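Take this structure, written in structure tokens, and hold onto it; I'll ask about it next.
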Amino acid sequence: MTFTVHVRVVPRAGVLDPQGQAVEHALHALGFGGASKVRIGRAIEMTVSAANAGDAREQAKKMCDKLLANPVTEDYELEIEG
Amino acid sequence: MTFTVHVRVVPRAGVLDPQGQAVEHALHALGFGGASKVRIGRAIEMTVSAANAGDAREQAKKMCDKLLANPVTEDYELEIEG
Amino acid sequence: MTLRVAVVRFPGSNCDFDSLHSAARAGTDAYFVWHRDTDLKGADAVILPGGFSYGDYLRSGAIARFSPIMPAVQKHAAAGGPVLGICNGFQILCEAGMLPGALVRNGRLSFVSRPVCLQVEQTETAFTNTYEPGALLRMPVAHGDGRFTATPETIRELEANRRVVVRYVASAGPARGEDNPNGSLNDIAGIANAEGNVVGLMPHPDRAADSALGNLDGMGFFTSMLSWEPRAAAGR
Amino acid sequence: MSQTTTSSATTRAEPFGNERPVTLQTVLEHNLNQREYDGIRQILGRNPTLTELGIFSALWSEHCSYKHSKHVLKTFPTTGPQVVQGPGENAGVLRLPDGWAVAFKIESHNHPSAVEPYQGAATGVGGILRDVFTMGARPVAVLNSLRFGPLDTARNRYLFAGVVKGVGDYGNCVGVPTLGGEVDFAPGYSGNPLVNAMCVGLLRESDLTLAAAHGVGNVLLAMGASTGRDGIHGASFASEDLSEKSEARRPQVQVGDPFTEKLLLEATLELIESKLVVAIQDMGAAGLTSSSAEMAARGGVGIELDTSLVPIRESGMTPYEIMLSESQERMLVVAEPGLVAAIQKVCEKWELTAVPIGRVTDDGLFRIRHGKIVVAEIPGQRLIDDCPMYSPESIEGEAVTLRRAGGPTRSPKADLTAALPLLLDTPSIASKRWVYEQYDSTVQAATLLAPGGDAGVLRIADTGFGLAVTVDCNSRLLALDPYEGGKATVAEAARNVACTGARPLGITDCLNFGNPEKPEVFFQFTEACRGISDACRAFETPVTGGNVSFYNESPTGAIDPTPTVGMVGLLERIDDRVPSHFSATGDQILLLGNTRGVLGGSAYWADVLDFVGGQPATVDLKAERALQQFLVAVAKARLVRSAHDCSTGGLAVALTEAAMGGPYADAALGASVDLTGYSSDVTDEGLLYGEDGARVVVSVSPADVDAVATLAASHGVPCRRVGAVGAPAGEIRVTTSNGKYQWSSSALRQTYFGAIPRRMGHVAEDAAEK
């Protein structure tokens, strides 16, 4: 079976995010005053073949810990689509 | 009311994604043979103050169309958390 | 009276002086316009210089294109006024929709700084009319997001109407491997709008327009502004 | 002048909130020892608050106080007619023609880069840029000196790739060309990479701004980025061995924002130009603490800060955290009250803020409040001056003596023809194009000689002259003989500068060593400094500043001694510049200097015969000086077409590098060289791969050979015609009394430029080793 995995890698809370800051300013300048706490990271999308959703999540987690996220500065979240 | 908005901006299907290719290759080399169709884009996370979830989505959509995604090369998806 | 050239300074522009000096050496009256200004102070031509406007955060040029000065630049271009975008300036023109396509991460995924060889393919523009058709130019590139990409239709349209202004080539013959430093489609290094008054390119003529540096290959981009006579797109 | 006395002042300060009381445990956690703690109590006449302890621990860390090195640094020659500003400021400054001056400085960011290579390297570049533009100088060049473990492990490749990307992304964005650098790979750096960044800036001598606080009642402003919890204790972090402990300290990682840096650069230069500031300094190591305390001490005044006024990025920050934060892209400004509004206007133009956070006082005290509460009050001068100084024991390690005495055991591998491609494929010798292609080397449109040759050369706009810049260090020589190695390092830097036709002016140095409390390490340190001093005296190139980085140790032991030397030289007429590579078939090849064939410490022994050892060549400072002066003279006379010095790999490698052409040459040239003229008691190994100093390969149009020889003779420089430049894609042929050797120049070129890319092909998966 194959699953679509969405990984969201974002700068860890407290870690400076210059990109998020710049985009937040830009949004305000464009009149989107309602936007705040903008953080920018990487979105990774992939297909994972696995026995079941749990196994797919397990694999994805391993990939994040090993490669996709930088443990020094980033946190990540996973989403598995059947 | 404030809502947490997650935006996922990914290279449009058909647009070459060398970064995704490199990461897919790396995942295979690291023994994650089950991963395929890796695409890499941007994850944007922000707080939006709005009257209701629908309005928050509306605002976020405008931000994407205007600034956050490039219509020539990228698609985006929105997620609103209460 | 001499041609007035406005060089727009965005926060993060870092080739602003290089463009200003090149335009001045070409004999124009070149001056800076601040990104927060709203008029071009009587400019005959406009240059969007290289650099990292707003740090190139989000996407190169994505934030700068909303600067207060940009409506004036768009108006100037719509009226047939010459506008040159170099490197980051090219990225801004694409983000602003003044030129088609987009400039994305280099194929090699890393910044590339090296001399490249270019062929001038379209001389009927505001910035290349002093070059011989087919002229070979050597000048530096220095960018991380220089891979020109666009829909197949757009590419076809650009090629069909000879809107590719400069193309990456080898010192002899078509580009092989590294000759195209960023993986741009069709080895495209620079393009023009249909009227030829708006031109954008990734390489740096502003770093090849000074005899003291031993390279004048880029000077034509600045002298061409002086001899440009706008003509209706139909006339092409 | 100083307001403080040496008797223990009576000062008062109260703990902030429910901060923990200071115990011996707390003191040790702050990398201070009992003796230092007693000193603190003596200065205060009481126990310090936690905030005060943090302040002392930062300023009394090795990085800020130089407690193990100051007495050695004092022995450097630091004066000369060209010196405008020697050590003691954020950067050194040397005089140039027509009222111009050059400010330059090198600094290390080793430990942060070991933990997070990309950000560590990026913020290293950011810091050194600020050190230069706070002087009122516009940065015109950056250089970097890097050390890593061998590229055969993924971890080392990951660190290498990350550091290079970090250096590039930061400097590229700010818009300062990288004109040079060096990268070396050796096992000793595996646990402990070195990242040294150098910046060169240009100013009108009359605009020089010093970082001394003056004027009681003047205002202190925090300018630039807001303050977060980044890098708290970076200063003391940089002063301890790397260990699992430092892994646990990871949250300290500082993130660089080159965009804000660029705004800060423009705003700072505008403030200085329009004479709006009394003094300005970056908040570097130990952030607000060191910048404010150093500025106060330099001006002999007191200061009072209110940490509750400092713009913060994270909620609930304590005075302790605010004082010790190493958030990047921040400056501390001293200004007259009447000019604050004008300053804020300039900052606003550059989308920055400048917020008053304190004032200059007359009581000589370093006082920190948070709102009403005084959380720290310390006699300012003593905070800087009374840090205990140490002169550790200094004894040469036995292992070194043995290695120096030894020699290689001849092996069948010793095929002198096969040795050359083998050496060119060694990452330490191979082309670093993979690195400098990621660095913008032409922004500012002033680059005359880009990376890929001996030294980088840039022109100074609207003047006829230019600058040559280089950074060098041969750690293998230093490991075997720190004194000769120290001399050799300065000599190589000077040769590189002189090869371009520029006259060496002065140096900055970054002294990277292991734990100074180990006698054998401190021996390396003192001997290397003695060598650097002697060479600088002989060349009249004073030391204008630099930086010390100790405790470069990992579980695998101390690094090789690595005192990186950054040098600038003056090229009086830019049209006299000399490139490194042969340009025309038929040009005559001349070898300058004496060839004895010394193989001790050579790359040939190390990389071909697997023996790192032997006695390196003794550096003849007189010969080096004569050679430098000749190179400048011959460039002025426009008599040479190229000049390239012989260093690692000896004559064979130097010859090949000159023949193969620059990184973007269309074709490699051949060369035929006849060395039969050299006395046959020099072995072929020695002739080809010996690493004698004071040697340079030049190419000369046939018509000029005699003129060059005459000029050389008049400088007392040995000069011998050894061959001619061959055809494109030709052969490189060397004939000696004992043999003939031949290589395809194109094949060598491929090996030389392919060595590092070949090893770095899988950067994406190496990232798994973070």
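The letters A, B, C and D name the chains in turn, as written, and every chain counts its residues from 1.
Please note the rule applied: contacts are C-beta pairs under 8 Å (C-beta built on N, C-alpha and C of every residue); 3 or more make two chains touch, one makes a residue touch a chain.
In this text, all values refer to a predicted model and were calculated from it rather than measured experimentally.
The most distant chain from chain D, with centres taken as the mean of CA atoms, is B. Of the two chain pairs examined here, C-D and B-C, the one linked by more C-beta pairs in contact is C-D.
Taking the mean of the C-alpha atoms as each chain's centre, chain C and chain D sit 36 Å apart. Between the CA-based centres of chain A and chain B the separation comes to 9 Å, rounded to the whole angstrom.
As a whole-number value, the distance joining the C-alpha centres of chain B and chain C reads 30 Å. Centre-to-centre separation of chain B and chain D, using mean CA positions: 41 Å. Along chain D, residues 257, 259-260, 765, 767-768 each make contact with two or more other chains. Multi-chain contact residues of chain B (touching two or more other chains) are listed as 22-23, 26-27, 30, 42, 67-68. Counting only residues that touch two or more partner chains, chain C has 54-55, 57-58, 63, 66. Chain contacts in this assembly form a complete graph, since each chain touches every other chain. Those residues of chain A that touch chain C in the complex are listed here as 18-19, 22-23, 26, 29-30, 40.
On the chain B side of its complex with chain C, the touching residues are 15-16, 18-19, 22, 42, 67-68, 70, 72-73. The residues of chain D lying in touch with chain C in their complex are 165, 168-169, 172-175, 257-260, 262-263, 350-351, 436-448, 459, 461, 574, 663-664, 666.
Residues of chain B touching chain A in their complex: 6, 8-10, 23-24, 26-27, 30, 32, 34-50, 59, 62-63, 66-68. On the side of chain D, the complex with chain B involves touching residues 762-765, 767-768.
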